[in-house]
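Below is a structure I'd like to ask you about.
Each chain gets a letter, A, B, C and D, in the order it is written, and its residues are counted from 1.
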């Protein structure tokens, strides 16, 4: 693991997610750019001192010298955005599979470069768009893909948060600090942090691709340096239209990411706050509630749950699904088998590139007087 | 009553709403442009045959000749949009108070003219933006107005329907027929029919005014002549931004109009599907559920309910609140008293003019390559 | 109307319910046992002074002398329980149809007597168990009756209120006063006031009859003279079992009456707080949400709604459904036609007798050391 | 770990729960009474072959011989009920801490014996009443304990399931098999399996103890040997009353355990289906929604969550909270420190004894003609 030392948020989540199904063991790490903090974090995590490194460069250098059966296999990178590309590049170049937190890189340019490197490496790459790991999100995607809803016409996706309603970066809120700092986050704030999740969820569930967008991007809180709010009109490659809303200043909102997709015959609706239910609406008959853990849901939904229906599976389980599927594919590769389609259903390099293109173009649109901007990668 | 003959939908709703609290009596009508149908409808409603008229022109002509104590006092106009202006004009000119279904007129030009006529008439005018009649919508407006949420930053309003997912106007669906016909509806379909409700609700609850907009307006169903879908980015006069979504092709949706307004310290959320609850969210403390019929809600909310908390009040009661408040004001006027502020809280001519401006400008924006269009009246 | 003068609650509800669909006109009344109060109430309601009576005895005496076409046809009795039997008896004896508020009488003895009188009178009788008027309650009953859920096994019904959490009858709360007074209410408090509603709803939806019960009946608030809380184990005539819970001391609860009925293959769940949805659960497939105003619900549900799906219909509309169906039957009788089955679906004398038997036996069980008591009428 | 081999359900849940926070490592096991199956299960779990034992007796015998730093410290017992007492006894006698699945033993007699053994052993003991591990259940308990709701008057607890609606034990459903078999489950079916959870939750949240009960216990599905349904009237030691409902034949229900507790001033409501919300109702002011992961909830709720508000924590996290608190206490003991009160808040031997007393007495009551039975331990 690279990053995720004491005080970090997402690093701990990655560790739980990886270990939850017993498919990974944490063996080494460079947990901080501060060597002492890295050491201290490694101790707390119970690692062998010699495998707690002072930097990711040292990690790659020394792990490579270990015998193959001891050597780390998968590198999780959970640093702020400006320290995504270089460790990912080194990991792939040095023959490690990579799990990388989103957004993929600091810039689209880096993303395109990383795509080349990943392709050349032959290694597997997972980008942690967590929400696609929920069983009922997978059920939604499968329902759309089945054609039962008919041609898709409308996509609404939203991610309202309220935690940046005040100038939190003025104090000692570490999460607020780096996420609102252009030197660490890149050109986007809310759009990079949560807008990319909403964008990815929209494309994942609908099975469509955005082709045009028109954005209203705002800095609401005085003194903030990056956007904390935005709304985007979308056009998709089949002619459908949509709306994406992401904000960090909706005071009182938690993390209630929600998606609705409508086709000719019906629609699906999912929100994180009721993560184990998928509402399926029909034009001429009663709406249905599809539930995690039941026997009637798709193989994709069934594969990604652990407990009988009614025992809620949450965010950590969704996150763990990404790690588990990634591990199942790596294992199948090692055994020379074709991974099952359900296992291959995790976000990767293409999702990362599209996410970075979204960031660049949504910010450009926000600054533009032109209504529609073509979405291109 | 003008319009609302057999087969009409909204006419029956107006009649129930008017009678629900016993403040109105239906005494005369011109229920259809077809004299025979008007007569038949009047019979069914139990009116004296001599006060069932063949046309609204006849109604005004003959009612004026009646002694004052017999003469109708309030004219309800529930015809399609293209027959709003003329009967409203005649009613006001002839000294009657007017209740008019929305949108106010066929065009903005007519609306501006009607505003002048209404001002000159000294008569009261109510436009039936029903949703503002719900007790919990009033509670939301009062909470915003109280300043407890702080400065308003964000407004999300949506009105998803699914009933026009197919080419209904190809058959004998009378409602679909006129609502998708430019000759009867005007330049807008969904935007006029339900977009104006959403627009009005946004301005009503937030207490703000839209100053700019950027619209994506679509005809989704093949062969349709007016828009059946749209999404609009909004800017408000205090610097807040917002999103308005209205669609008639969200298959499986009913009439779930919903609004969310966020300020610096918290937000309010209301939707018609759970009409007797107002969710009030706070930045640093638990969300609250304000409920119709309780003792702790604002005087505006209390005044507009009839039953103890927990006995749901619905759409007809919300509609009746408009009629009741209108009657209370007329009665106070007659008695030479100042109507209470709670009674005066019904939508009128200004809301009608702004609604027609919304229709004109949202359609213009939909056709424009320019991103933002100034909203002016 | 008998009772329902100024300050009364349920009288106003009856008046709105009766008038809502335009099928009734209020023509006369004895609104209070206090003649002056009766007069004043009648004035406010706009009645002819000569038809506002000082007592119900006077009402029956004088109305009978009127020509048939002027004479009142239906008597609504909305007095406290101890003034139910005598006016109902006189009304039926004098040839009027009767709408009576629940519980039917002061004692089971009176109820049995009234049954005989009603049978002999040939007049129609409606007991206002309002909750059976909701479209989705009717949908639930029809679904059970259709056999789709299989044999019914389990019935849970509950009516939690909180309004008597304090000793309200110690102050000037008129509603609390008579409802907790044995001289006006009878032997039961909560069990008579809301327990009978729950009992009726359970039998109505399940289509079953209670055969045994075992009750825990409590007076929770110090100084109260009648029960304010209770829970009852039930056995039904097909072998199913159930639980009935009714309380007036669940602080914070409004009027959230709720029922769940389970059969071999699935179950139905309805609660007043979400009155326009019926949750239908299935053993092996997704739960469905049946909604008021849709095209796919039963003829009984469709007949009892007025507005398109998504526009909520509430308590007053449910109440109005009772009055409307009663009027439709009376009208059919007058026209010598067979009323449609949907019209005949209103609660009557049998429901009243069973409700009074419930009161007597549930209170007896509460006092008994014996576990199960046979439910007999 | 003892039990939890291939095909078992709860064993896998225990393993995830234990490992989720990184506080436990699985080092040895006797996963099945079938030695080969135990070996195979151990292999799959990646254990050293020499620490996968053929029986729990062998496990205790051999682990004791290992040096203290290698030896297992905590024994998880996840076998069917009839194999709870003996391994728990041996574990405690041999100096191991014990985590035991509920219900604690096969009979009350065994439970009382185990209590003595546990007391004598000086070892820690945890009984996995999972639902008490949810942050919002802890919040509910703390709110009641704070006195803000006033004296508790009413407790409703329910656990509806539908999975035994058919004669599942007639097929190869292993879970249905042992849970309906008196030789493996004991004298109770549903009452032991889920009734004990409901009973424990009621006492945990209310802070009260049951003193009397009156039960209706049923076998609904033909051919079944143990109860699959029941409802129980309860009396508590402060005079409050309550109802407990537990059923396995509510077709269409999943595992929606729910509790409501009302005091003089308000009530709390929690259900597993919306596990991260606690509804707090007040007599005279708006209901509140307390949420997992927020800053305003009690220290007990905060301590038992991992992710920011809005990222749902589910059943596995609730289960993990039991394991984590148990580990924190053991660690504190080892370090000679007093464990924090929040850590000590896990269910133990007393809860187990009361659960077994509940089973014995609820079944006795079900068979009795006497109404109330004293609840004694």
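Convention: a residue touches a chain if its C-beta (ideal position, glycine included) is under 8 Å from a C-beta of that chain, and two chains touch if they have at least 3 such contacts.
Remember, it's a predicted structure, so these values are computed and weren't measured experimentally.
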| item | value |
| --- | --- |
| Chain pair, A-D or B-D, that carries the greater number of C-beta contacts | A-D |
| Greatest separation from chain B - chain, by CA centre | D |
| Rounded Å distance between chain A and chain D, as computed from the means of their C-alpha atoms | 35 |
| Between chain D and chain B, distance of the C-alpha-averaged centres to the nearest whole Å | 55 |
| Chain B: positions in contact with at least two other chains | 253, 287, 291, 294 |
| Complex contacts: residues of chain C adjacent to chain A | 280, 284-291, 294-296 |
| Interface residues, chain A side, partner chain D - complex | 9, 12-13, 15-16, 19-22, 45-46, 161, 163, 253-256, 272-276, 291, 293-294, 306-317 |
| Chain B partner contacts - residues on chain A that touch it in the complex | 149-150, 153-154, 156, 158, 162, 165-166, 214, 216, 218, 220, 229, 231, 233, 241, 243, 245, 247, 249-253, 260, 262-267, 281-283, 287, 368-372 |
